[in-house]
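Shared between the two complexes below is subunit A, which has subunit B as its partner in the first and subunit C in the second.
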Partner chain A sequence: MSLIRSMVADDWQKYIPGLLLCMLFAFVVMNIHHVLAKYQKADEASFEIPRVEEKIAELSAAGSDPAEIAALQARLEKYRKDLAKMGGKVGDRWEWATLLYQDLQFKYVAMLLIGGIIIRNTIGVAKIFLPGIGIARPLIKPGIIILGVHYIWSDVAKVGGAGLLLTAVFIFGTALSVMYLCKKFNVPDGLGGIMGAGTGVCGVSAIIATSPVVKAKPRDMAYAIGTILLFGTLMLFVMPYLGQMLDVSQSQFGAWAALAILNTAQLIAAAEWYGEDARNTAVLINAARIMLIPFIVMYTVWFYDLKESVAHEHHGLWNTIKSKFPVFILGFFILVLLNSLNLPFLGGPKEAHTPFWAMNAVYKWFFALGFAGIGLSISIDDMKKAGGVAFLVGSGAAATKMVLGLIAVILIGTELLMVTGGH
Partner chain B sequence: MTELRGYIEAVNHPSSILFATDGKPHSLRAEEWAIEMVRSFNIPLTVLHVKDAYLKQFYNEIYAQGRKEYLEHVDKELMEAEEAIRSDIVQRLSHLGLSYSFRVRYGDPLDEIIAEISGGDYDLLVLGGKRLSGMRAFRSWNLPARLSARLGTVSIMIVREEDS
Partner chain C sequence: MTEQDIKKNESTEKVLQDTSKRVLSSEKREDIWAIIISGVILLLCSINPDAIYTFFKKTLFIF
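And now, the complex of A and B:
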């Protein structure tokens, strides 16, 4: 009993209203998403059915390969089911659903983020909800752990390996350039350190890990966090559309987002918004990226020659590395391992009524809760804190990473960045 | 300053002043004005410093590592800032032999200044304001303007920063 008590925060009651608000918001949005998806599918079905029927007739008349005809018939059957779900008939159109869901990509991610931002910055969020909204954001974590069932070790070796190499080059390249330029232009070490780590690894998380080590000043931290939130939010909304315009494949987009978007929550939101394959690649590369946080902290220590103070205040360098390691990511890799073993009783994410299938069914709800928390906590006032040297450094690093990241993923190609999942 | 004193003496002068400071240059200029009024009218001065909890809200970031260490660092930095502000103003006020009290609040500056005014017997709030124009005005949080909009009966004196 005392063990359970020790795991519960003393003031847990204060989180309830915000969590309930996020749950309600996520529930409403997920339902709108499902309805919109059904109408879009029905619209597509209504448009495609005559074409597929015609094609089948053509192929049958020409005595084509029965397997090809069977595949088309299966597709026709699926279209008929989609249309029947909405009680429609061929010729009925729901073009508004296609416009919203497919053309404008108005899916649950966008609805939660944009809706949350609008609510937060117009009618506002009462103070009673704020603690719970803050705690909803990390609920993406269990979602990420569950996504481990989408990977096998060969994915980790291939995509994670490529991702690790890419992220290592980008992270240390950015951190090195930013810290060097900051030192050259006499920017205080505290600000140079947090901007180097923040623009290199994953934004606010890296600033939190680094600021005590480099003894950053509150004003600089506010500037740095504001800048990173501002650029993360801009990229979150710009990159998915930019990716579509440039015809970037889903896997390439996932890698690009993992390189260019600093804030982890925002990068996962952007990738999930772009599509399932984009998300799978982004999550894996991000897992490789966040494991580099302790090393970037140690690099900062070395760069600013803070070894003595760290050894004194943090009981040694090894303890500093340990304290900065994102332990929860081990949960993700345990699931990857279990999925790789292909144990029949665990099934797979697409094998109905198996444990992995059930886990896969709930990950979206964790994400939805987390995205509701992100949307409702994006305050324009927070981003207005962006300024000073941090703004110049952050904007330069963000723009450079976005362009170089795009070139890198285009050169690498889709194949190396695609997650198979093994099932 | 003498003209100001003459004008205020001709009407009703304030009987209790609240001076809100964050220790930044625009606040230091406002401090001079607050001290001058306190000296002129021999009235009590309350100095208020609000420790802004803005940075603490980010400790729960998804991959944040070393949360406890971060929170301790933010607390330590805020404490040092408070000490620097306190020692500076206390030294000046003690040297001038003026009556004062120093209060510290924790939270959102706008809400905390309003809460302090509601709970106290002040009739003038003095604070510094940055000179804002163009993009800087758009990006600014503009605390004085927000305070001005929310305060009912208490007068506000916003002392603008000097040309740099």
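And now, the complex of A and C:
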């Protein structure tokens, strides 16, 4: 009974209004996204149908491979269905939908984030909604677990292995540089330590995990969290466009974002914005990254020479690792394992009428709720709180990591970073 | 530094550590809830995959 009670906050009622607001916001935006997507598909269909028909006629006349003709006919059938859904005919155009949905990438992620920021900073959000908005953000976690049905172990070994190596190099390199620079510029150990851990590994979680170790003050935590979130917010909006400009592939973008954006929620948002393959790679590398949190805590202990105090507080290495381990990632790996086993009663994300196929339809709603929470919680006033030398060092290190990360993923190439998803 | 200042600093330190622990434990709680929610979804999807698929892919889109 006490276990159940400990799982529920005493004042759980105060979270309901904000959570309902996020649900309503996510619901409206997902519907707008859906309508935009339908118009964009109809526009594409209207443009493509005459071309595909012409191509089929050409191939048939030349007596080409029947398989190629059949593939084109299937594509034609899909286009006709897309056009029929909007009640249109060939020649009808909805160019505005293509401009918004495809060219400007104005999808549910962008609408929830930009819309949320506009609402929060213009109309404002009543105090009664704030606690619930705060807990909508972690609802991205069940979405990440459910996304486990998209992967198989060979993906984890290939992409996760490359990601683990990449993140390990970048995490410890960044953390060491930031901690060293903070010491050089006489930034207090507390702020330097959490800023190093935060910019190196997984943003807010790492800051929270290392703050008791370096005895960071609440103001230090606010500065470090502010810096990470501010940088992440900027990158969230800039990187998808930068990726398109630099013609970075989806998988490369996923890996690049996982190195550059330090907050899980912001990372998933940026990668989802770029595309499904980008998100698949980003989620897997992020899983590898956040498993390194306990090690960054140990690293901070070593850097600030606090071995004795930690040995006293946590009774050794194993307990430190155990207490800082992100438990939810186990759920993700259990689903990857079940998907890899190819069990007939669970099916797969592409096998219709199976449990994993149904689960594949659910995760986006969790993401939408989480993104609604992020958008509505970004207050420009709060972001101004991040400041001083630590902010410059933290942002400089994060920006350097972003540039070096881009070079690394371009050198690695798409193949090693691509998730296949198996059956 | 007076004795009062030392006591004040110590109590601030304690509040700080308590806050960190509370935040960290709430993060663990979030993680466990995430696993429970996913488990429930897996169970519901195993019982009736078509109903769950239709609800999240069709029913929730009203336009």
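We take it that the second predicted complex is superposed on the first by the 413 of 423 C-alpha atoms of A that agree within 3 Å, B and C clash if a C-alpha of one lies under 4 Å from a C-alpha of the other, contacts with A are read in each partner's own complex, and residues count from 1 in each chain.
Methods note: a residue touches a chain if its C-beta (ideal position, glycine included) is under 8 Å from a C-beta of that chain, and two chains touch if they have at least 3 such contacts.
Computed from a prediction, not measured in an experiment: that's the story for all the values here.
K.L.:
Can A:79 be said to touch subunit B (first), subunit C (second), both, or neither?
P.N.:
neither
K.L.:
Name the contact category of A:134: first (subunit B only), second (subunit C only), both, or neither.
P.N.:
first
K.L.:
Tell me the contact category for A:31 with respect to subunit B and subunit C: first, second, both or neither.
P.N.:
So A:31 only meets subunit C here.
K.L.:
Would you check which partner chain A:265 touches, where first means subunit B only, second means subunit C only, and both and neither mean what they say?
P.N.:
first
K.L.:
With both complexes overlaid on chain A, does A:335 touch subunit B (first), subunit C (second), both or neither?
P.N.:
A:335: touches subunit C, not subunit B.
K.L.:
Looking at A:361, would you say it contacts subunit B, subunit C, both, or neither? Reply first, second, both or neither.
P.N.:
In the superposition, A:361 touches subunit C alone.
K.L.:
In the superposed arrangement, which partner chain does A:231 touch: subunit B (first), subunit C (second), both, or neither?
P.N.:
In the superposed model, A:231 contacts neither subunit B nor subunit C.
K.L.:
Look at A:326 in the shared chain and tell me whether it touches subunit B only, subunit C only, both, or neither; answer first, second, both or neither.
P.N.:
Both partners, subunit B and subunit C.
K.L.:
Residues on subunit A in contact with subunit B in one complex and with subunit C in the other?
P.N.:
Common interface on subunit A, subunit B vs subunit C: 138, 141, 205, 208-209, 211-212, 215-218, 323, 326.
K.L.:
So in the complex, which bits of subunit C are touching subunit A?
P.N.:
Residues 13, 16-17, 19-21, 23-24, 26-35, 37-39, 41-42, 45-46, 49-50, 52-53, 56-57, 60-63 of subunit C touch subunit A in their complex.
K.L.:
For the complex, give me every residue of subunit A touching subunit C.
P.N.:
So the residues of subunit A in touch with subunit C come to 6-7, 9, 27, 30-31, 34-35, 138, 141-142, 144-146, 205, 208-209, 211-212, 215-218, 323, 326-328, 330-331, 335, 345-347, 353-359, 361-362, 364-365.
K.L.:
Of all residues in subunit A, which touch subunit B in the complex?
P.N.:
130, 134-135, 137-138, 140-141, 202-205, 207-209, 211-212, 215-218, 221-222, 225, 264-265, 290, 293-294, 314, 323-326, 370, 377, 381-382, 384-387
K.L.:
Residue numbers of subunit B touching subunit A in their complex, please.
P.N.:
52, 54-55, 57-67, 69-70, 72-74, 77-78, 81, 139-141
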